[in-house]
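Two complexes follow with chain A in common, the first pairing it with chain B and the second with chain C.
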Partner chain A sequence: MNKLSIESIKQDKVTIDTQDIADGVKIIVSGDIDMQDPSTLLDPLFDKVHNGVLSSGLKTVELDVTNLTFLNSSGIKAIAKWIMKLAGTEASKKYQIKILQNKAIAWQATSLQTLTFLVPGSVNVV
Partner chain B sequence: MEIQESLGFIEIKFGPRWKYIAVVRAFIQNFIAVSYLDNLRADKIAMAASELLENAVKYAQGEETIVKLQLLPEKESIMVSVSNQASPEAIKGLKEIWDKVMQGDPLQAYIAQMQLAATRNDSKSQLGLVRIRYETGADMKLDIDGDKVTITLTQS
Partner chain C sequence: MSCENNNDRIKEILASCQKICARILAQYDEDAEREVIIAQLQGELNQLGTLSNQILENAQQIYGISENLAGSAENGFNLSQQVQSRVTSLADVIKTSVDDTNRLQMQSEKINEILSIMSEISSTTNVLSINASIVAARYGAKGKEFDVVAREIRKLSEGTDRSLKDITALVNEIKNSISSVSEKLRKVNQEILNQNESILSVAGALQGVTLAVEVIRSVTTLSKQNAESEIQTFKTIEEALSKLASCNTTTIPKTEIEELHHAIDVVIEE
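So, the complex of A and B:
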């Protein structure tokens, strides 16, 4: 089990695993997110990550989407919602979100960079 | 969308159900990929069709949703359209979001709409159209004829 006690999720066509990294956690999302309302899956996960990272004083969350082949706009909304939580987070508690991308997947090459503009300085895509 | 002289075309008519969207998306992706040998482009158009079909399932009235896709010889353009029937309320809502997200710089419109979406607590994102506009760079057109709504995009 990882630092935040987040269990693996397998639902519909998506698998989500959370692993420990040196100063935080890595969330690995694989498959397709094309369900009608992905917020029922993603909002509780990102709430748990956000609250857990703040209470543990962790400084980095990696979001690995290199094997996420499709994400619908409702899924993008869920990620945006998570990132926007950082806008209202006290500066000393802020953490960095690093998104690991796969440029061979079209939506990633275009949409992921836009997420960096939501809370400038808090998100980078590599 | 009239069928023009094309390198190839498909037309799919189906009763909009969520479970069929992924099937249609995969078919469109494959159709473009084997025609133009360009997977990235195929992914973009398939994404656009998928987003339009999601809207059709969520907001359309009636059973008939029609997807048309044409590969046009001029500049190897791709034209895709999705048509469905909708209620006056749904059409009004579509016009409002259309007018909002089709103006100005596509990236700025996308970011603004993402920020707005993040404040929503319902299941709607209202990101589909602005995402299509930004990610595909396509020319987009909305046609309303009575209760029939058609969204067409052309990408070169």
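So, the complex of A and C:
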């Protein structure tokens, strides 16, 4: 089990694993997110991550989407919602979000950079 | 109590009255100052409210534009998916056609083989008819009729040989045409596969645009909500200020107090 005690999720065509990294956690999302309302799956997960990271004082969250082949608009809305929570967090408690992308997947190349503008300096896409 | 003492006492009372009058007059000044400040605050609040309304309006405009963009990108994505599906069907048809031409190629090879066997049969028949003529010649007049048959067979075999050569030439021509069509179909198939990849990239890029617009919509929605909440807060403050402005702490007209203050002044001096 990882630092935040988040269990692996497998639903429809998507798998989500959470692993420990040096100063935080890494969330690995693989498969397709094309379900009608992914917020029921993603909102509780990101809430858990956000609250867990704040209470444990972790500094980094990596979101690995290199094997996420499809993401629908409700899915990115859930990610944006999580990032906007970070925007409302006081400066001393802010953590870094690093999004690991796969440039070979066209939708990632054109959309993920937009997320960096939500909290400048705290969100990176690599 | 002596008259002098009474005068002193009256003076003291009058001095106290004068002080009270002065304090009440100071309150009037404070009220006036407060009214000015409230008016200023109300003006500034009005400006802030106008700004918030503008922000709300802009957020609504951005939301509308992004909704339009998202719709267009989504339409583009759906269209490219349809095109991709049609191109895939076309690639399947082309692949079947390539398989058909390959089969035709093999069948024409077989026809060539059959023609080659027929050519050998015709050649053997020709040799046999020549041998038959030689044998007929050996029997002189008796073999004359047999020689006529042998010559007819030779003519037939020569005719067959010519026809076989014509057929072979035609089959070779067909084979070359099939080969050329097959090669062109293979190129078309490759091009379709390449186009399919491009269409997939376009579809992916459009999906990306849809997602990027969704992020803009999320931020705009938040801005809209913030602006609405600000407008509500300004309204509440404005109402509170209006109540504050209408609160009258002093009910006696200022001029009356001023007159009283002046009258006491005169009496004390006298």
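FYI, the second predicted complex is superposed on the first by the 126 of 126 C-alpha atoms of A that agree within 3 Å, B and C clash if a C-alpha of one lies under 4 Å from a C-alpha of the other, contacts with A are read in each partner's own complex, and residues count from 1 in each chain.
FYI, contacts are C-beta pairs under 8 Å (C-beta built on N, C-alpha and C of every residue); 3 or more make two chains touch, one makes a residue touch a chain.
Computed from a predicted model, the values in this text were never measured in an experiment.
S.K.: Could you check whether chain B and chain C clash or fit when both are placed on chain A?
M.R.: clash
S.K.: In the superposed arrangement, does chain B or chain C reach more residues of chain A?
M.R.: B
S.K.: Is A:D37 touching anything from chain B or chain C once the two structures are fitted on A? First, second, both or neither.
M.R.: Only chain B is touched by A:D37; chain C is not.
S.K.: Touch check for A:A109: first (chain B), second (chain C), both, or neither?
M.R.: A:A109 contacts both chain B and chain C.
S.K.: If both complexes are laid over each other on chain A, which piece of chain C (75-83, 93-101, 129-137 or 165-173) hits chain B?
M.R.: In the superposition, chain B collides with chain C along 75-83.
S.K.: For chain A, what residues appear in both contact lists, the one with chain B and the one with chain C?
M.R.: Residues 70, 73, 76-77, 80-81, 84, 105-107, 109-111, 114-115, 118, which sit in both footprints.
S.K.: Under the stated contact criterion, what part of chain A meets chain C in this complex?
M.R.: Touch residues, chain A against chain C: 70-71, 73, 76-77, 80-81, 84, 105-111, 113-115, 118.
S.K.: If we count contacts the way the header does, which residues on chain C are in touch with chain A in the complex?
M.R.: The touching residues are 70, 200-205, 207-212, 214-219, 222.
S.K.: Could you pull out which chain A residues touch chain B in their complex?
M.R.: By the definition above, chain A touches chain B via 13, 32, 34-37, 39, 70, 72-74, 76-77, 80-81, 83-84, 104-107, 109-111, 114-115, 117-118.
S.K.: What residues on chain B touch chain A, complex-wise?
M.R.: Where chain B meets chain A, its residues are 18, 21-22, 25, 39-41, 43-44, 47, 50-51, 54, 57-58, 107, 110-111, 114-115, 117-120, 123, 125, 127-128, 131, 134-135.
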